[in-house]
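Paired with chain B in one complex and with chain C in the other, chain A is shared by the two complexes that follow.
After this line comes the complex of A and B, so read on.
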């Protein structure tokens, strides 16, 4: 029986070890500034100018900026977590991870923490650039509530990302295409650039499974005093429930799908 | 000439296989339509949200403007991004670029073949996207039915647009040949620049003055204006007017042909120069991924 203290220590050391390359890579490959920080501002600016051309309330441009910042986290979840194990398999690292005594959850948690650092920088640049370009003001009614909602959204999102990572173990080239497919439809369903009340109730309820839906709706209520689709308390509760659910499912999926991948010989399959 | 045709054909076939053989045909068909539809519906939701917030003040002509432009713009991303990504994928993931280079076919012809495959897919997706737009949204249906489609000009713009986009794709592919794998972000970035500056989803008159001049220097601006004009007619709504609204088809076509000729010449030279540079520096077989 391994002592709990050793288990926790191993988990944390693994997490730090896996986060380390992502954090250090930020400094070693400065080209990320261009494609991670500056280029996303272009599409944000385009959506902002759409609202300006339609003479929508300036608040809606704020929605676009917020949506752009949260897009960064969604893309991080998809590409740097969901598809990561697929790429690790192609580069030959996956079998090393599985052979190592460290738990896979710790490896994925490290990816999440490491990726989150770069993503936070990207989101900050997007928000700053958006505010400077469009002169939009962000005035949260409660900073504590905003931080709580933001952290819960991230927790639920990255739990979902861990689930994706395990599911993608079963796939070959389809993984890249499925991840690619999950970008625009999620932007549409979660109301990245517009209030959720555009949708009928049943569609918004279905979309609520994706943490970004409730997270962004709640943040819009806090930042812009906008009308939300659901009351703030409901959305906070939903995000907390999704966090617990996705983390639990991620752990179960990881174990099951790792076993299945071993049985089907998919752990070391490359170039598929 | 026969070799070029053969390389083009097999490159297009290879591109098609890579894009499509990862799944069942019905799922692939869904994949082809879902992405462009989702991006169009996102714009539709923005339109309805703005219309609700302004108590109906947004002119209904805005929706077909955005919808048709966005459907046409899918070609830009598919060709440009597709070509440069083909270089990255073949070099880094499949390790095949060196074999393509030493084969009898020209690398530029191979890239063009791959572009045509992606372009064909985007054209199909765009046509389906427009079909869904006509079926689902009365504003789009009315706009497309109000003014007869100028088929001759449509074919012209599609052909010249293909040449223009392929030239842009060749320039990007050439740049990416001498870059590490994160060079694929260059084409994404340029697609983003064009989405902002070429009047895809809003008239370029909305942009600050300096950026309007930049827009007018970009060939896709004229192409998109031409495509919209053939499908929707001249902009009926003052809010949708741009500096190009008063241009005739002949003037648009002239500007497009001139800029495309310059692009083709530059692309041919730049690709050859980049290819030689990549070969001398050992980049053709280098893998730069982590």
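After this line comes the complex of A and C, so read on.
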């Protein structure tokens, strides 16, 4: 039986080590700032100018800026986290990770932390750019609550991403199609550029399984004192529940993936 | 008694063929692909054990099972006394693997950073990792590339980095799958020298090696298994394997030009078989004798017939001879051109 201290130490070492290439990559490949951070500002700017032209409430422009920043995390989860194990297999690293004593959850957690750090920079650029462009002011009712909601949203989102990573590897190309199918409907359902209360209750309830939906609605309530679709406490509870659910499912899927790949040779035999 | 480092019992692995794949004649291929077929092996602790076999023989499948990446279809296997299926997580800290031609690592990281990363997932402290990385980079002559991004390395340099990766976690059982593939002669020689030193450092270390290079297997391995079509055809020391195919002592004579079939060496009593191969400047004769003492009669016959002997040597069979004898073709797939004369045949 391996002592708990050693297990935790191995988990943390692995997580930090796997996050390292992402973090270092930011410094060594600075060109990403152009397409990853500056281009999305153009996208939110379009919505901002539309709202301004329509003389919509100023907080709507704030919604768009927040939506643009949070969507960066969603895209990172969907495309980068989800595809990560698939990519690791192609580059020959996956076998090394599976064969190592480190838990695969630690490897995925490292990918998530690396992705989060990278996307935080992107989100900060988007928010800063949005504020400078539209002179929007944010006045959070509680910084502590804002940070809590933000962290819970990230935890649930990246839990979902960790689950996607195994699913993508299991179903290969079919999973890419699912992601393609998910991308635009998720933009719609999460209320990226408009308040969620425009939705009928049924649609909003369906959208609630996407952590971004409850997360953004809660943050808008805190930042702009806007009316939310659900009370803030419900949304915080929902995000906490989704975090636990997705992390649990990610672990189960990883276990299933490893068992199945060992049985069928999915990781080591290309045509399996 | 200390358990074997590696043991397999009737190990079998079959792969389900993909449904879409058709055979050359356009029909669905019959049945599953049997990659391993009842393999039973034992590798002792401290041993450098070699696996020789052509492409598709099942060597890599065997390594994947032993490194817990693949489950056997039937049979059992143990590494360091632990079952590869039931105790996979206990085996993993004790092993590592290096595959020739693998492309692992992150291009954005330097050589040193990559090696550090792969040491971390084994729980090696950064201080220990750095010491081992320095030593290994020195072994493979890659110290000057320690701070170079992996994306800027040549294939050979990348292969050297992967070789280092296998050793920095200090495994008890190391699997080297074609470790010198694509390396230049000097690098391959350094690596072979290091492998021997590494094993000698601690008696509880064990190494399983697959290689295409017969000379490498002959030079390095304490024992070898020859594997083909998923079955172990022979398992012994290199010398023992050679003895298995050498039923008769073989002598090789280089004769002055002009020697021909008139020598009739194969008609001499005690000569089992003889071949003459004319070359541009000499004639090469090989004789398989029932007893070494018969060589005297052979020399006498050559002299009597007016030929001149330029050189004479006792020819030991090579591992390639063993391989061809057992598998029916060389590692490169060429069919039966054994340099060991076949019994009861004469080409003189």
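In the analysis below, the second predicted complex is superposed on the first by the 265 of 272 C-alpha atoms of A that agree within 3 Å, B and C clash if a C-alpha of one lies under 4 Å from a C-alpha of the other, contacts with A are read in each partner's own complex, and residues count from 1 in each chain.
Keep in mind that, in the parts below, a residue touches a chain if its C-beta (ideal position, glycine included) is under 8 Å from a C-beta of that chain, and two chains touch if they have at least 3 such contacts.
For clarity, every value in this text was computed on a predicted model and none was experimentally measured.
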Evaluate whether chain B and chain C can sit on chain A together after superposition, giving fit or clash.
-> fit
Which partner does A:181 reach: the first (chain B), the second (chain C), both, or neither?
-> first
Of the partners chain B and chain C, which touch A:14 in the superposed model: first, second, both, neither?
-> second
Angle chain B-chain A-chain C between C-alpha centres, in steps of 10 degrees?
-> 90
Just chain B (first), just chain C (second), both, or neither: which does A:263 touch?
-> second
With the two complexes superposed on chain A, say which partner A:193 touches: chain B (first), chain C (second), both, or neither.
-> first
Could you look at A:225 and tell me whether it touches chain B, chain C, both or neither (first, second, both, neither)?
-> neither
More residues of chain A are touched by which partner: chain B or chain C?
-> B
Should A:91 be classified as contacting the first partner (chain B), the second (chain C), both, or neither?
-> both
Give one of first, second, both or neither to describe whether A:124 is in contact with chain B, with chain C, with both, or with none.
-> neither
Please indicate which partner A:201 is in contact with in the superposed arrangement: first for chain B, second for chain C, both, or neither.
-> neither
Least C-alpha distance (whole Å) that remains between chain C and chain B when both complexes are overlaid = 5
Overlap of the chain B and chain C footprints on chain A, listed as residue numbers = 21, 25, 29, 91, 271
Okay, in this complex, where on chain A does chain C touch?
-> 6, 9-10, 13-14, 16-18, 20-21, 24-25, 28-29, 91-93, 95-102, 106-107, 262-265, 267-269, 271-272
Which residues of chain C touch chain A in the complex?
-> 15-16, 18, 21, 64, 67-71, 89, 92-93, 95-97, 102-106, 108-109, 113, 116-118, 120-123, 149, 165
Under the touch definition given earlier, write down the residues of chain B that touch chain A in their complex.
-> 22-23, 31, 34-35, 38-39, 41-43, 45-54, 57-58, 62, 66, 93-94, 182, 185-186, 188-189, 192-193, 195-196, 200-203, 206-207, 239, 289-290
Along chain A, where are the residues that touch chain B in the complex?
-> 21, 25, 29, 31-32, 34-35, 38-40, 42-43, 45-47, 49-57, 60, 90-91, 172-174, 177, 180-181, 183-185, 187-188, 191-195, 197-199, 271
